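Note that the chains take the letters A, B, C and D in the order they are written out, and that residue 1 is the start of every chain.
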Amino acid sequence: MIRFDLSIDLDYTVLTPSDFVFVIQPANTPHQRVTWERLSIEPELEHDEQVVSSPGNRHLRLRADPGRLRLSYDAIVDVVHHFELPSDVPENPIADLPAEVLKYVYPSRYCQSDRLVNVAMSEFANMAPGYERVEAIRQWVQERVKFEVGSSHAGTSALETYESCTGVCRDFAHLMITMCRALNIPARLATGVDYGADPALGPTDFHCYVEAYLGDRWYIFDPSGISPRMGLLRIGTGRDASDVAFATIFGSVQWTMPKIKVEAQGDELNGIVMPFKHDYAVSTDSAFASPDEAILLLQGQEGAIKDTSMPSMGRAA
Amino acid sequence: MIRFDLSIDLDYTVLTPSDFVFVIQPANTPHQRVTWERLSIEPELEHDEQVVSSPGNRHLRLRADPGRLRLSYDAIVDVVHHFELPSDVPENPIADLPAEVLKYVYPSRYCQSDRLVNVAMSEFANMAPGYERVEAIRQWVQERVKFEVGSSHAGTSALETYESCTGVCRDFAHLMITMCRALNIPARLATGVDYGADPALGPTDFHCYVEAYLGDRWYIFDPSGISPRMGLLRIGTGRDASDVAFATIFGSVQWTMPKIKVEAQGDELNGIVMPFKHDYAVSTDSAFASPDEAILLLQGQEGAIKDTSMPSMGRAA
Amino acid sequence: MIRFDLSIDLDYTVLTPSDFVFVIQPANTPHQRVTWERLSIEPELEHDEQVVSSPGNRHLRLRADPGRLRLSYDAIVDVVHHFELPSDVPENPIADLPAEVLKYVYPSRYCQSDRLVNVAMSEFANMAPGYERVEAIRQWVQERVKFEVGSSHAGTSALETYESCTGVCRDFAHLMITMCRALNIPARLATGVDYGADPALGPTDFHCYVEAYLGDRWYIFDPSGISPRMGLLRIGTGRDASDVAFATIFGSVQWTMPKIKVEAQGDELNGIVMPFKHDYAVSTDSAFASPDEAILLLQGQEGAIKDTSMPSMGRAA
Amino acid sequence: MIRFDLSIDLDYTVLTPSDFVFVIQPANTPHQRVTWERLSIEPELEHDEQVVSSPGNRHLRLRADPGRLRLSYDAIVDVVHHFELPSDVPENPIADLPAEVLKYVYPSRYCQSDRLVNVAMSEFANMAPGYERVEAIRQWVQERVKFEVGSSHAGTSALETYESCTGVCRDFAHLMITMCRALNIPARLATGVDYGADPALGPTDFHCYVEAYLGDRWYIFDPSGISPRMGLLRIGTGRDASDVAFATIFGSVQWTMPKIKVEAQGDELNGIVMPFKHDYAVSTDSAFASPDEAILLLQGQEGAIKDTSMPSMGRAA
C-alpha cells in the first residue's frame, strides 16, 4: 500500500455568475480509499457532489457570483496496487470484453482511432498481443512526441499530435489511447497529479495518463514518462479529455495556476511503501471489484505486495 | 399509446472469424415496452445480450465463423408518449443538469461542439432559451443540409457537414447535436427506423435522430424531417454514432442491405393511435422514471393522451 | 494620385546562420511607382533582389550570421487609382478569364474553396454576378468574423476561420478569397500596411487584404474594414499567405514588432489627394498594363480622377 | 533520346453549357519536343490554347453546349534525359534557390508541409542532404502507402494520406512533395501517363509523379513506383493537383474513363532507346534552359547518354 497526502488549492476571479464542474477529488474505489478529506470553499457556497456511476468520477458542482473564489482540498488516500508479470497480462478478444468496456474501443473527440487504423496496423500488428505490445505503444508515443509547454491547446486532438510531434501530457495520452483503440484495445484517459516529475518541468501540476483494459482490469501507463506509475493517484477517468476536465467552467473567469502538493508517506513497519519505478504491470482498477473485495484488499495489503514479490526485471518505465 | 410491429432481417457473408456487436433491439424502458420479441440466428450461434446501464442500449454479441450469417428479429413494441406545449418546455441552467446528463454537453468524435461555439452563438444566442430555440436549430439544420445518399462516409463529422451542406440522416443529427451542445443544451443521438419516410428515399431503413434534454426529460427531434416523431421507436442512444452503430463488426464480412418492416397498429377502442405529425414537444424518456412509473404509464395510456388533448397548433414538424 | 511616405524598420536577433526572404518593398507597377527608395541593412550584408515575374513580388534575400540584424527601408510611392461605378464592373465567365488568372480560382493552402462550395452557393448564388456580389461577400465576412488578436496562428486556414468566427486581417482575407473562388471568382491575397487603422488596434502594422479579378483588372477589397482602400499600398500578392509572407526565415531568430510609418501627402495643386472612404470600385492593377501605359497613367493622373468625378454614393466601405 | 507515340481519347456527355480547361498536351520544352501533334474535337468547337509562362503548362480551353463532346489527341514526343550519378546531385541551400523556385518550398492546398515539419525532421533530418535523401523519402512513401483505387477523393490531402496510409498515384505524390518541402527541398507535382504500369492496375491511365529541384534542375521521382522514370512524359507541373488537373470542368457533365495509349519507339541506330529502370538521377527540366540549348540537346542526344555511360548500380527504382 502507498499512502498519499494530497492538497490542491485553486484560485479564481469570477467575472460573471458562473457554473463550475470540478473533477479534482480522487475517486473512492476498492483499490483507492480516500481515508480522510476536507474541502473548504471561500466564500462559503452551496455545492453538490455527484458520483457518476460508470467511471465513478466525483463531480463537485457550484455556482459562483462575481468576485474571488478559492477552493482548498486536502486528502489522505491509500492505494493498493495490483501487480502482474507483463507476460501474464493478455489482450482480450473482442468477444470477451465486458459491454461496459466496449465504448473504450470506439473513437472519441480527441482520440479519432478510426483515422489511424492503418498506422497502428503497420506499426504494431506484427507484435504479439498482450501487455508488452501496449508498453511498446507507450514507448513509441514517448519517443515520437516531444514535451513542449504551449505547443497545443484545448482543441488539439490525437491526429494533430501525430502530425506535430509535440504536446503536453494530455496529448501524449490522447495519442496512446488512439493507437490502442485502433488495435481494438480498450483505453481511457486517467487524470491525477504528476508525482515525481522532474522539477525542471515546473511546480507540481495536474497530470493525465492512460489506462488500458487488459486481462480483467485496467493497467496504468504514463506515455509522457513523467511519473512512476505507483505514484499516480486516480482522480477521474473518461474516454478522453472532454469527459474529465479538472474544471469545466460555464461563465467568464480569470484563473491562476493551481497550487498542488502530493507526498507519499513511507512506513515500512505498516506495509506502507514509497513509489518506485519498475517493470511490472500495475493496476488499481479491476473494474468490477465489489466493496467487500476492497476491504479485503486493504486488510491484506502487505500480502498483496509480498505475493507478487517483484523478482528482478529490466529497465523501468 | 402506439403499438409497432417491427421486423429486421440481416444477411452477411462472413469471410474470416468475426465478432459482431449489434444494437438493433428496441430499448426496453418505462415509456417503451417490448411486449413480445423473437430473435433467430442462422446458423445457431452462442450469443449474449448485455444492457449497458446508463443509456440502456441492448448489445447483442456473437462470434461467427466463415459462411453465411442471418439474423431475424421480430418485436411488438408499445410506446407511450409524453406531450408538452413547446412553450412549457424550458432549457436547463447548467447548475440544474443531472450529472449523468452533463456528458451530453461535451464534444464527442463526430460532434465537435467546441469548434462551432461562435457559429452557434451568432445564429441562436439572441433567441429565448427553450424548446422553441431547439426546434429553430432543427429547422436551421434541415434547411442548410441537403439529403444526398453517398455524400458522406463513416468518418464524416459535423464539421464536415457544416462545410459541405450535404449528408444523410446521421449527418443531420450530428450537426444538430453539435449546435445544441455549443449552446450548453444536452443532446444525444438516437437510432431507430425511418417510419413514414417518403418511398422515394428507398425501402425502409435504419434511421438516426436527436434527443435533447429539456425540462426533466429527453425530447425527440428529427433534423432530417424524414419521420413523424411519434413514429420513431428508440433502438439505442449515445453521444454520437461512435456509440450506437447498428452493427460493429470486428473481422472481414460482406453484407447486403438490411430488410426492415415497421408498422403501426391502430386500435382506437383500446387507446392505440396512429403516428401523425403535430407541433407538440414529444418525449419517451424521462431519464429517471422508475419501473413503477412505467407500469402506471402503460396502464394510464389513454388518459395520458387525453390529458394533453392536443389543441390545434400550427405547422407540423 | 496619392503620394505615400513609407518607412519600415525591422529588428532581429539572429541565433543561428539564417536565410531571410523579405517581401516588404512595394511592388513597382504601372499604377504604383516607387519614385524613391532607400534600404539599409546593419551589419552590411550581401543581399539580392529578385522580382518574381507573374505577380511582380520583390524578393529581398540575404543570409545573416548570429548577432543583431536591422533593416531600414524608406520609400516614396505614387499610386494612381482606377475607379469604376460598381454597377459597371462585371464578373467574368470562366471562358473569358486569362489563363494566368485561372490559378486564382483554384483552392490553395489556406483557402480551400473546394470545401465551401455549397456554403458559397447557398449564401450568394442567388445574387446577380458582378462587383456588388463580391462586395456582399466582403460584408458577410466582416460581419461574420470578429477581429481578435491572438485568436489564430500561422497554420489557421479559411475553414477554421469559418468555424471559429474569429481572426486577424489575414484570416478575414483568406475567408473572403475562399468564398470568391467557390463561386469561380478569381481572388488573391494582397499585402500592405494598415493605413488609417483605428489607433485602438495598436501601432501601424503590416496588413492583408483581397483583390478580386473583375472586368479587366484586380479590384481592391478590405474584408477586415480596417483601411480605406485608397490608403492601401500593394507590397505583394499571392494565392494566399503561403506565397507572400513579409518575412520567411530559415533558421533560428528572435524578433520584435516591426516599426512602420505610412503617411499620405496631400498637394491638391498638383493633383495629389488624400485617401478617403467611398463606394467606387477601386483598382491599381490592370494585370496586363504595359510600361507605356504606366507613364500615361502617371502623366494623366488628374484627368483619370476627374473623369470618374465621383458622384454622390451611399455608405462607404 | 526516347520517342513516344501518345494518343488520348476523351468522351463526355455535356448536360449544361460548360467550360473546360484541359491540360493534357505534353509540355513543349528544350528537353521534350512535341515533334508532331493533332487535336480533333467533335463537334467542332472554337478553342484556345494558352501556355502559362512559369511552369509552361498548355491550357486547352473551350466551351461546349449540351450533347456529346469527344476529344482525340495524338502526338509524337522526343524526350532527352539528363542523367547524373545520385551522389553528384546536391540539395541547395535556401540562399541559392532561384526566386522562381522558392514557391515550391511553401505549403499548398494538398501539401500542407508546415504541418508535418516535425515528422519530416524525425524521419530524415539525420540523413546527409542530397539526391539520396530525396530517394529515401520516395521509398518511405512507397512503403508507407498502399495503392488502393477508390481509397481517396478529390479533396484528399497529404495529411489524410499520412493518416490513412492508402491512396492512388496523386496521393503518393502529394505526400512525397509534402515531406520534401518540410525539409526545404523544392518539390512539385508532374502529370503524365503511366507508361509501363502493371496491367493488373487496369488500362493505361493518366499518372502523377514528383519532381524535386536539386542541383540546377528538376529531378524525376515516382513515389507510387508504377512507371520507370524514363517512360514518363511530362504533361504539366504545378504546386499540387489543384494547379494541374487534366480536366477542370465548370458545368454539369458525365464522363467515361479516358482511353490512352502510349508507346516508346526503339531505334538504336538513331540513338533512340527504350525506357528502362536504373538508379541514375534523371531530369528533363533544367528550368532555365534556353531554346538554343534545346536544339543542342536534341542534336547531341547520343552523346548526352553516352557521357553518363551508366556504370553498374544497385537496385532500380
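Here is the rule we use: contacts are C-beta pairs under 8 Å (C-beta built on N, C-alpha and C of every residue); 3 or more make two chains touch, one makes a residue touch a chain.
This is a predicted model, so every value here is computed, not measured.
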Completion exercise
At minimum, the number of touching-chain hops separating subunit A from subunit C is 2
Fill in the blank from the handout: Neighbour overlap between subunit B and subunit C returns none
Fill in the blank from the handout: Note to self: subunit A rotates onto subunit D (CA fit) by an angle, in degrees and to the nearest 5, of 180
Practice task
Call it same or different for subunit A and subunit B: same when shared residue numbers make up over half of all numbers used at their interface.
Solution key: same
Completion exercise
Cα centroid separation, subunit A vs subunit D, in Å, comes to 50
Fill in the blank from the handout: Expressed in whole Å, how far the mean CA point of subunit C lies from that of subunit D is 33
Problem - Inter-chain centre distance, subunit B versus subunit D - centres from mean C-alpha coordinates, in Å - result: 50
Fill in the blank from the handout: Flagged in subunit D as touching 2+ other chains are 115
Problem - Interfacial residue positions of subunit D with respect to subunit C in the complex - result: 19, 21, 50-54, 59, 61, 63, 93-95, 98-100, 102-103, 106-109, 112, 114-115, 154-155, 184, 242-243, 248, 250
Practice task
Using the touch definition up top, name the residues of subunit C that touch subunit B in the complex.
Solution key: 115-116, 118-119, 122, 144, 146, 159, 162-166
